[in-house]
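Below: the structure, in structure tokens.
Chain IDs A, B, C, D, E and F follow the sequence of writing; residue 1 opens each chain.
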Amino acid sequence: MRIRVVVPVTSKECEIRALEQYSAAASGGTEISTVLLHKGPASVESAYEEALAGPDVLAQIVQAEKEGVDAVISNCMADPGVEAARELVSIPVIWPAETSMHVAAMLGHKFSVVTILVRLIPLFHHHAARIGLTRQLASVRAVNIPVLELDDRAGVASALVSQSIRAVREDMAHVIILGCTGMAGLAKSVEEGLREQGIADVPVIDPATVALKVAEALADMGLSHSKRTYPAPTENEIISN
Amino acid sequence: MRIRVVVPVTSKECEIRALEQYSAAASGGTEISTVLLHKGPASVESAYEEALAGPDVLAQIVQAEKEGVDAVISNCMADPGVEAARELVSIPVIWPAETSMHVAAMLGHKFSVVTILVRLIPLFHHHAARIGLTRQLASVRAVNIPVLELDDRAGVASALVSQSIRAVREDMAHVIILGCTGMAGLAKSVEEGLREQGIADVPVIDPATVALKVAEALADMGLSHSKRTYPAPTENEIISN
Amino acid sequence: MRIRVVVPVTSKECEIRALEQYSAAASGGTEISTVLLHKGPASVESAYEEALAGPDVLAQIVQAEKEGVDAVISNCMADPGVEAARELVSIPVIWPAETSMHVAAMLGHKFSVVTILVRLIPLFHHHAARIGLTRQLASVRAVNIPVLELDDRAGVASALVSQSIRAVREDMAHVIILGCTGMAGLAKSVEEGLREQGIADVPVIDPATVALKVAEALADMGLSHSKRTYPAPTENEIISN
Amino acid sequence: MRIRVVVPVTSKECEIRALEQYSAAASGGTEISTVLLHKGPASVESAYEEALAGPDVLAQIVQAEKEGVDAVISNCMADPGVEAARELVSIPVIWPAETSMHVAAMLGHKFSVVTILVRLIPLFHHHAARIGLTRQLASVRAVNIPVLELDDRAGVASALVSQSIRAVREDMAHVIILGCTGMAGLAKSVEEGLREQGIADVPVIDPATVALKVAEALADMGLSHSKRTYPAPTENEIISN
Amino acid sequence: MRIRVVVPVTSKECEIRALEQYSAAASGGTEISTVLLHKGPASVESAYEEALAGPDVLAQIVQAEKEGVDAVISNCMADPGVEAARELVSIPVIWPAETSMHVAAMLGHKFSVVTILVRLIPLFHHHAARIGLTRQLASVRAVNIPVLELDDRAGVASALVSQSIRAVREDMAHVIILGCTGMAGLAKSVEEGLREQGIADVPVIDPATVALKVAEALADMGLSHSKRTYPAPTENEIISN
Amino acid sequence: MRIRVVVPVTSKECEIRALEQYSAAASGGTEISTVLLHKGPASVESAYEEALAGPDVLAQIVQAEKEGVDAVISNCMADPGVEAARELVSIPVIWPAETSMHVAAMLGHKFSVVTILVRLIPLFHHHAARIGLTRQLASVRAVNIPVLELDDRAGVASALVSQSIRAVREDMAHVIILGCTGMAGLAKSVEEGLREQGIADVPVIDPATVALKVAEALADMGLSHSKRTYPAPTENEIISN
């Protein structure tokens, strides 16, 4: 099975990190390839950057289907072009925020998202409303570290543990979702950190890994998004750009 | 007061029609200006076209604020860049789907949207979920006429009446929203058509006019969107395009 | 355009203050008139007073329509007779709690209401449930100052700032609604007070002004409440009083 | 135990019928008394009549508590003054729409209300929203017979059966609530009529009887409405009427 | 009227206490009988014990109907076999969690449940979701005392008062439900304790007593659960045990 | 990876069919084993049978964990003991109704369940409410064929197509879930049947296969249910059976 990870930014190191992380998590027969945007933002931390990334994300997903991959993952918790891409292709297009919220809802009563920046908190509330999981969302919290400073893994993990403890103790979260695909690989450290603080019973979800597993599962089952929900654009459209 | 209407497509006739319609509906002291996209789709009838329109919509709204207008209206029921634009500017950025749904909810128990294409039906359900008005949405129906064929005003009005009657009788709608800004000017004809069919008690909402009145009202009160919900993107972002 | 403000109490100074405030906020061509109740409570701070005010509010609104005004505003966040009045007349009857909650929902993720008395807190939760905006209501807080002691404008503003800060910091409000029409004129002072405390990004809504702008907008568009939701009472009713 | 039924209209025959029906349904030790309004509408079929009935309903309920009754029932599915009365007295004030919807929700998956007039349909949707039972409300249907013509018991029962069948077959109702206290005594006939049509598994609820049983139960347990929800009006209020 | 209380555990003292409590609360003509499980857990404090208790609860409820009782109460806030039993019998089968939540919702804006163990908190959230009362549930709190240690009545009451105060002050509860049928008889002490702490306006609900009163009321009205919701299992089933 | 499928009935042919179906769908490294109940119903088509199956399901799942399997699937859309089992073990316990509803929600706007018997329709509404997906559930329909008559694969597929068409056309479903694990293997036939009827854009979900893929994914990621939601029963419990 071939899965394409679209890294919806322009910074090469994000692509390198993504390739490593997804390859490490892939199942036996899964081949991971990644692609970066030609045009777009260095990171996606606002609806503004989401909008800027959109057109090239679309182009990369269409290209991925042409190259015959079995599923695409947009490597971002925001939604730069994911729903639009589902109109254009027939393969599954995975949005990690959506898959990780649904999987979190399967695992426990309520979940919290611990994301990078306070400014993104309302965005996750909107995501939950859009996909209909508002009731299961205990809270959204932020570590206040921007995407491009996520390299200090120990510091990020420590900040995630602190906010996760508050999510569990104050907001009644039973499951934690790491709120940025750039935090991939930290879930087990955060679980460990929680355990050291006496919280041994809360699963921590890495949204990139969940996205990969859902992509593999859907492709394996021959399932994709409903074209009633995401119908192909009418053919006679003329785009001038 | 100066209000800028961003017509998020590239077809000149859409801009001409918008200028006429908004100017006709404007209050005494309101000056309407319009702007077309340089890059983007001929019409917005899919999430795909929404994504393509996004970047230039943003640029036009930023430009509008620089030119000192008091509010901006994105002339589309879809959402090409509206939420992103609210991050970039301080003036109100009006999304006609949002304002017309809230006004419809003020006027009656439940409303239906009668839009152009069946393919857009789930989109309006998502809009309602996102803004939290799912309970008030009786149904979404479509006349199955694409944007660029809306010029047959009598035919469109007649199709709107037919679908509105079904919305009232079968879906229990108490208010009708015309589901495309390209239907501007038809609300009174549809009300008249309903009256001829014995339905004299259902208001019909023209979303473009409502958007204009809300824009005027917000600008007049000095109110704009919350920057807690739409914070400005962080300054150190570097965009390569 | 002529707009009638029904002041649903019997204290003359409330009427004087309302006339000043609405006249100051009115658009160019709008003529404001006010009317006081002949029978009813000195203020409306309970469902009990709401019920007492009801019959004369109805009479005043029917009279207003006879006199040819274009819209009526009931100058109270409670609902003394508003829904009943919509059955009796064809012009818009504006309920400031309803319009300000919908406008707040347009401006940001969630809003809080800061009202006069703790005893009114459940009432606002019921209002939000009735109009379907429970999800958007972050909290209701109270300054604990009764209507008839709202004359100490500086003291009231200061108390509003204190509670608004708690609404923003503890309840995650992104927009504040002043929870009494007697607080008209204080929105900008509260915004200023919040800014001095480091909260520069939260709009504060004056419900009386919003009610006026919505009344003007609806009358201007020829829109009124759906008679499917508010049908005229059957003619053969005989009332013995 | 003494229970007072306030008949919130002015027609003597409504009081006579209520006295008969409640006395027939009362438990052994329960003594029923009834009272009519001095001022108010002949029937309550609109928010307008609800508002007119309000003040005298309040007066009658306050009087009932002074006379030492254990609970009061407002004999109407509409809400003329019930919530206001709960502020003024400490005994339970029963609103049949509320108690019958909660009991229906205990008995099955979803319920429908079959009321007298189409014009009351949105009112029941609002009641359900206010008390938080929207999800359990399958539909509201009407027999189109006004209160004052409910004397043709066989005709009314037959119309109720017809609408109940549609509620069960088309709207998936599992429980039926008779939507007017004037239909008291017809529940068993409607159940019988449904059984003759092959629907033997749907309970039919008489809201007056349910109100009485809930009144008896609450009084027996020494439970009444929360004064946090319905606090007493502040004492220093001055009412000029 | 004869009411059977099924005590869904195997400890004799639970049955003795239940017989005392229900007999004390029964109305004049009501005869209470109790039955214990032959097989099952000593107490029900987990879904595990709920499942173990299920089969014998069913057998006891079927037996109760055969013996001609008018209604059955399962004496537990958890749900060991209640919904299954409603399929097998035609008499009302009362689940105290369900009836007490509905009655609490009738009495005030929001209620909290104060139960025995922290581990049961999500269970009550699930109960509320299942019966559709999530919006009315302010919070669930626990005293951290297991069922079999509830004999220290003063200690339990004191712990209930402490948690109820937090529910009222921090969670905005207007009504308290005691969250274990083993707490029967403590409601008035908790109300008294709250009053001593300055909270005189919050009703406290004893779920066992409410269950009994609802059982009496339903049996008296000839109402039972809808067989559309709880249809009898098909006859041709063969069970091998 | 080793996955145990607990077939919560006593009919050997159900186990044989399950072993075939799960083995066919398993990923390369996955080893499927199945186990039948010693005590319990021949099929699970009611809450009654669910309750009867519960205790032995628990025993089988505990045994499976002792034998070192990585995840367990309860092969039923009903819930005989699943939530209880999650308390007793640390490995994932998969409930196909839950996983298939969440996956359906990822794939499209709304889904319908097409199950075996009309009597199970409210059960699925309750499942959706419990897991918080009520908004995404378009409808539940039934083919009216009991579990033990599912062997006529062509007849069942044809009935599923008929009901799925109604779900799509009348209930606006965008995704179909087969509502019985005994329908495993029919999803592609139903998709094909829909395509022949002109509905080529609706994915059909086989809940058993989805359960297997989710089980594999969770085990692969080292994720399991939150022990905050499903805490282990207290050790000092004594069970007498």
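Definition applied: a residue touches a chain if its C-beta (ideal position, glycine included) is under 8 Å from a C-beta of that chain, and two chains touch if they have at least 3 such contacts.
Remember, predicted model here, so these are calculated numbers, not experimental data.
The chains that touch chain A as well as chain E are C, F.
Centroids built from CA atoms put chain C at 43 Å from chain A. Separating the CA-averaged centres of chain B and chain E is a span of 51 Å. Computed from the mean C-alpha positions, the centre of chain C lies at a distance of 30 Å from the centre of chain D. Among all residues of chain F, those that touch two or more other chains are 109, 122, 126, 129, 132, 135, 174, 228-231. This structure has the following touching chain pairs: A-B, A-C, A-E, A-F, B-C, B-D, B-F, C-D, C-E, D-E, D-F, E-F. Listing the residues of chain A that touch chain C in their complex gives 121-122, 125-126, 129, 134. Within the complex, the chain E residues that touch chain C are 109, 135, 172, 174. On the chain F side of its complex with chain A, the touching residues are 25, 27-29, 98-99, 102-103, 105-109, 131-133, 135-136, 168, 174-175, 188, 200-203, 205-206, 209-210, 213-214, 216-218, 220-231. For chain E in complex with chain F, the touching residues are 10, 39-43, 45-52, 54-55, 57-58, 81, 83-84, 86-88, 117, 119, 122, 126, 129-130, 132, 146, 228-231, 233-234, 237-241.
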